[in-house]
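Before anything else, here's the structure in question.
We just call them A, B, C and D in the order they show up, numbering each chain from 1.
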Amino acid sequence: MDFDDSDTDLAFRREVRDWLDEALRDVPDQEDLSQEQREHWSRVWQDRLCAGNWAGLSWPAEHGGRGLDSFAQAIFNEEAAVRGAPYPLNGVGMMLAGPTIIAHGTREQQARHLPGILRGDEYWCQGFSEPGSGSDLASLRTAATKVDGGWLVNGSKIWTSNAHNASKCLLLARTDAAAPKHQGISYLLAPMDRFTVRSLVMINGDTEFNEMFLDDVFVPDEDVLGGVGNGWKVALTTLAFERGSMALNLWVWARQAVDRVIDVALERGVVDGDGGGDTAFLDTVGQLQCDAEAVRIGSMRMLGEARAGGVPGPETSALKSLWAGVVQQANRLAVQLDDGGGVLLDGPGAAARMRRYLRARAHTIEGGTEEVQKSILAERVLHLPRSR
Amino acid sequence: MRATFTQEQLEIAKTVRSLVEGEGVTARTALDDGWRAPACDGPLLRDFGLLGVPERAGGIGSDLIDLLVAVEVLGEHLVPSRFPAHAAAVQLLSAAPLPEDVLSGERVLTPAMDALVRFAAQADGLAVHRPDGVGIAVAEAVVARQSLDPSVPLSDVTLAAPEALTPAGTGPWRAVLVVAAELCGVAQGAIDLAAEQARTREQFGRVIGSYQGVAFQLAEAATARKAAWDLTLYAGWAVDNDRPDAQLQVHAAKAAAGRAAVFAAERCIQVHGGMGITMEADPHLFLRRALVLDAVLGSGAAHRRRVGALRVQARSASS
Amino acid sequence: MDFDDSDTDLAFRREVRDWLDEALRDVPDQEDLSQEQREHWSRVWQDRLCAGNWAGLSWPAEHGGRGLDSFAQAIFNEEAAVRGAPYPLNGVGMMLAGPTIIAHGTREQQARHLPGILRGDEYWCQGFSEPGSGSDLASLRTAATKVDGGWLVNGSKIWTSNAHNASKCLLLARTDAAAPKHQGISYLLAPMDRFTVRSLVMINGDTEFNEMFLDDVFVPDEDVLGGVGNGWKVALTTLAFERGSMALNLWVWARQAVDRVIDVALERGVVDGDGGGDTAFLDTVGQLQCDAEAVRIGSMRMLGEARAGGVPGPETSALKSLWAGVVQQANRLAVQLDDGGGVLLDGPGAAARMRRYLRARAHTIEGGTEEVQKSILAERVLHLPRSR
Amino acid sequence: MRATFTQEQLEIAKTVRSLVEGEGVTARTALDDGWRAPACDGPLLRDFGLLGVPERAGGIGSDLIDLLVAVEVLGEHLVPSRFPAHAAAVQLLSAAPLPEDVLSGERVLTPAMDALVRFAAQADGLAVHRPDGVGIAVAEAVVARQSLDPSVPLSDVTLAAPEALTPAGTGPWRAVLVVAAELCGVAQGAIDLAAEQARTREQFGRVIGSYQGVAFQLAEAATARKAAWDLTLYAGWAVDNDRPDAQLQVHAAKAAAGRAAVFAAERCIQVHGGMGITMEADPHLFLRRALVLDAVLGSGAAHRRRVGALRVQARSASS
């Protein structure tokens, strides 16, 4: 077992670093920006990725990609994340829509949908979750009714990132109300011009997610991906890509959360630069560091398995769970160490610290709740019977 | 009857509950439009001002626990009233006779004991704690700060010299317990809201409260809240009765109450799933209040450490 | 709300103190004794309680008791516990068998069984649990078959304290195999002369519990308590007395566990007598102290409710859970602070510390597992649906 | 392939597993009758002695991870072999050439780095760590102590002066990782046993593993164990490859492994219910081994605090 870059990987990493250093030269630290400013830079950054031919990094060459593997994507994302690069505005397109359409699409579907992602003029969003179906995704109710040449879709979706910028949606809808829960679903590549989008304000004030209301949205037959009634299977592919992509960023965010709580403690004199001071803090940071490093190393092992031909296994649930724990604890502690317990939001840095703490509460909910992650571990790692 | 609420205390809780249950001005209102006085603010200040005030301070023999019971109910409902702050200020000053207009609620006070001064712009005076005593001071300048919980406005205050100082006695401890009681209420309110969600939200064909993964975290929150409330009540009695362990009990109450409230509010968010992280659902209102009150009059973490130190001292002295 | 003794209570407490100080004069500290020695002193102590007329403290006067309430019993137990008095060998007789027979027995049953408890020459044990029915008590399988004049009982019981000293057993058996789970059970007052008792060695080396094997044990009709088929209801009474009796001792044990971990820390120089030193330790002790005190105060409130005519509610589950947590954490920490992590058992005090740590692992299992306590809180305090 | 086990490492695990699976001398045997060498002891010392030994020490280019993989399997099965202690001693001395009879397993060593010396009476020599280097010493006196886990005998040792000292290099860190690997195995064994119980024991008409209250605590144990094992493997690589963060990673591995093992063993007891607290069931065997190894070569708590201090130093230096 070897945790070093291969020569090829190292050469690629150097190329990435050189490009990033140049491309990020005029990009400000995203942490200090308003949400509008962050969104502006996300768009600029997406454009630069497309222009630099990085958008289809892990797509096969025949689809316009670079034909590298997810390991290379990980290297790119890692180098981008440690530099605090903006989050690209069409992450869903590059990481989820593209790979899913490549895996399940017809030649025509691929030709129709992939170039826009690489060009950077068609943004995608994901329309899976619904108000009534959170963890129980397959209980979705958005209904597609067969009409001449396609489907009329009615219903609502929720937790959609970036819906207000997207023109296309990975849309799950029920095309057969009589079929068993998992078998009546189809996966539609839906145009968004007739979606009504309402932004959801999060508890930290950000409007990262949206609700979408579909009122007789028409999706042509040729935009059913993977065949009518096969939507659940196709969705699992997308969810696997989503899980796989976790390894690309999570550990950097965990490390940064630990960095920040140490910075607060140093600033407040809780500890000194020699590692002396409050032993309760040192114990806590010791544990946070263990967990944060475990996310990094576990991510590397997951990527290694993927390169060796495996698929991300249930162990990704352990990484997700560890990551959420580290970020939640570190961000809570950073607030508590702040002057006045961090509740005076106009104090220096206080608003950003509180925003991160509140944002982190979502980490045990989004992308599979903590309870779902533990269920997956129990069922698929420990082979316990289903508990939900 | 020993260790049970008096009939009067049960009545107080009931009366306060009925007073606040129809209240239109809420923590939500303040989040949207800034703080304004709820309708119950006046009646609370006017009619409940003698709760917990010792006779030496001008009271009529009400126990501190009477006040804690009232404030707990306000916490449950996140009522944005000035009453808890005013009551804490009164308690801070309660080792000596208090002015009539303070006891009648005409002159609203708020404690200025640390950097987090609540309702400074909405009060008529500040109760201050100096090394040589406590007293009432007026603010020369009040600069509003941005509070995590806009239903509890916070300010920087420049104080004039207090009118006159009187001995602090157990006043500072009594003030801390008023905050602990409100935190116990916040914890209870968050648990009630979470349990309601767990009883109604369905996933995988069952209400989520039937999954132990959900149910057990609420059971833990309920346990922490019960511990905090029992500690708070006992500390109230211990202070009122000059028990030798009163100081330890006060620190324990504030530590436990803050922990219970923050934990319950975080669990409330978790149990609400995606909706729990939106502004439009209510769980975050409990978290905001919990974090602010956990920080007020000494952080829960600082009180907890003090409990540890005092407990070690006591053990060391006894052996 | 008032946490002080009433004048009557205070007078009683003084009487108890005086008697205890005298009766404990020659009793050594139980903590330092072998199990055999502890058992010896338990027997001596039981004799002294009977001789001093303390055995039926809370039994009605008509049954030979003192007619005091459980509050008085609590005062007695509290004063005994803080003085480190031995555990009386017939606790089951005094606290469970007596009160249950008083509540559900016929005059004849009361006359036959109560005097032996007060005299101190008949010890009782509890035969409820079975190897196959732990938390799910009502699934018990020990079978009683009707014969002329009584019942023949066959089966096995487990987790019985003191079985090797007892002559009578509170025995649950299934008298109707066809009836629904809770309705086919009867509560028998069984003679133990034909029980086979095997002691169970616990992980700390103690033999506190036993297995009991019943092979055609005859119980006469007149020793069915509360009527055939009513055993579950009667058992619930016993369990309520058991829960109620928790309030009498738990908090003292919790406080002593905290005392001991502080002693280790003082001895090792982790903290000093002024409360300075390792902040991580101070934080932990602060939390342990909060929880231990909450057990004490919660117990007082429970007793107050009982005196006011209530019955112990589901809140006792919170006390049990807090208590188990405090004792487990304090005892684990005491071991970890010991030289060599406490694993050299011949070190000064090390064996006792390890024995306590290992014993405490059972606290989240015996008397209702931690999982059962949380279920009770969820169902009966939070009104969530049944999760088991 | 990066970050995956080599074919050889998979083979090592398989071979060790088949070697120990039929073993009749177990941790249980030692508890009943005192320690004696299991049948696999000889083959392990003889055939696996070069695992993880660097070429500079006389090895044949085996990575440290090769050894960790073998030791992890021994931990899973609680094998009472001297091999892990001997291997730790070899690693302690591995910055310099090692005597042939040590590498061949004829001369069995054990590390004497702190107060907890394992297998002193059962070894032929002790590997010691002095401020100016490491070396082999013989025991002038060995006084057996009462070990919580009799399958890991512990002794007080009076040492003769070591024969000769060589530079320690990364030897002490490598020795610590051998213990961490065994702890990861202990955690895994406890989890396997607990999961088996959860899959078969029924209560209220369902196997208990179908209750999230039971299932989730094992999921947490599995998460902690995976974290510890990943940290241990990475630390092995980092030390072998002289990475600048090697020391931090070693401390993290030992801290995480001890925590995972103790937690898993405690959960294993809990999931077994009443039987879990009896001598006759096996869960306590895992707890005994976990506690002993968590204490050996620096307690997990001390390593954790060191991780905190080093992390703070590193952050302070970088900003």
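Everything below uses one rule, namely that a contact is a pair of C-beta atoms (placed from the backbone, for glycine too) under 8 Å apart; a residue touches a chain by one contact, two chains touch by 3 or more.
None of the values given here were measured: they were computed from a predicted structure.
Trainee: Counting C-beta pairs in contact, does A-B beat A-D or the other way around?
Mentor: A-D
Trainee: Could you state the distance in Å from the CA-based centre of subunit A to that of subunit B?
Mentor: Taking the mean C-alpha position of each chain, the two centres sit 40 Å apart.
Trainee: Give, as an integer number of Å, the spacing between the C-alpha centres of subunit C and subunit B.
Mentor: Distance between chain centres: 37 Å.
Trainee: Could you put a whole-Å number on the gap between the CA centroids of subunit A and subunit C?
Mentor: 53
Trainee: At least two partner chains per residue is the criterion; list those residues in subunit C.
Mentor: Within subunit C, the residues that touch at least two other chains are 279, 281-283, 371, 374-375, 387-388.
Trainee: In subunit D, which residues are in touch with two or more of the other chains?
Mentor: Correct list: 206, 211-213, 216, 301.
Trainee: Given which chains touch which, is the overall layout a line, a ring, a star, complete, or other?
Mentor: Shape of the chain contacts: complete, all pairs touching.
Trainee: Considering the complex alone, what residue numbers of subunit A touch subunit B?
Mentor: Subunit A residues touching subunit B: 129, 133-136, 139, 158-159, 200-203, 205, 335-336, 339-347, 351, 354, 358, 361-362, 364-366, 369-371, 374-375, 387-388.
Trainee: List the residues on subunit B that touch subunit D in their complex, please.
Mentor: 211-213, 216
Trainee: Across the complex, what residues on subunit C touch subunit B?
Mentor: Per the touch definition, subunit C meets subunit B at residues 1-6, 9, 71, 258-259, 262-263, 265-266, 271-277, 279, 281-287, 289-291, 293-294, 297-298, 300-301, 303-305, 307-308, 315, 318, 321-322, 371, 373-375, 377-378, 381-388.
Trainee: Of all residues in subunit D, which touch subunit C in the complex?
Mentor: Those in contact with subunit C are residues 114-116, 145-149, 154, 203-206, 211, 213-214, 266, 269-270, 273-274, 276-280, 284, 287, 291-292, 294-295, 299, 301.
Trainee: Hey, which residues of subunit A end up touching subunit C in the complex?
Mentor: 278-283
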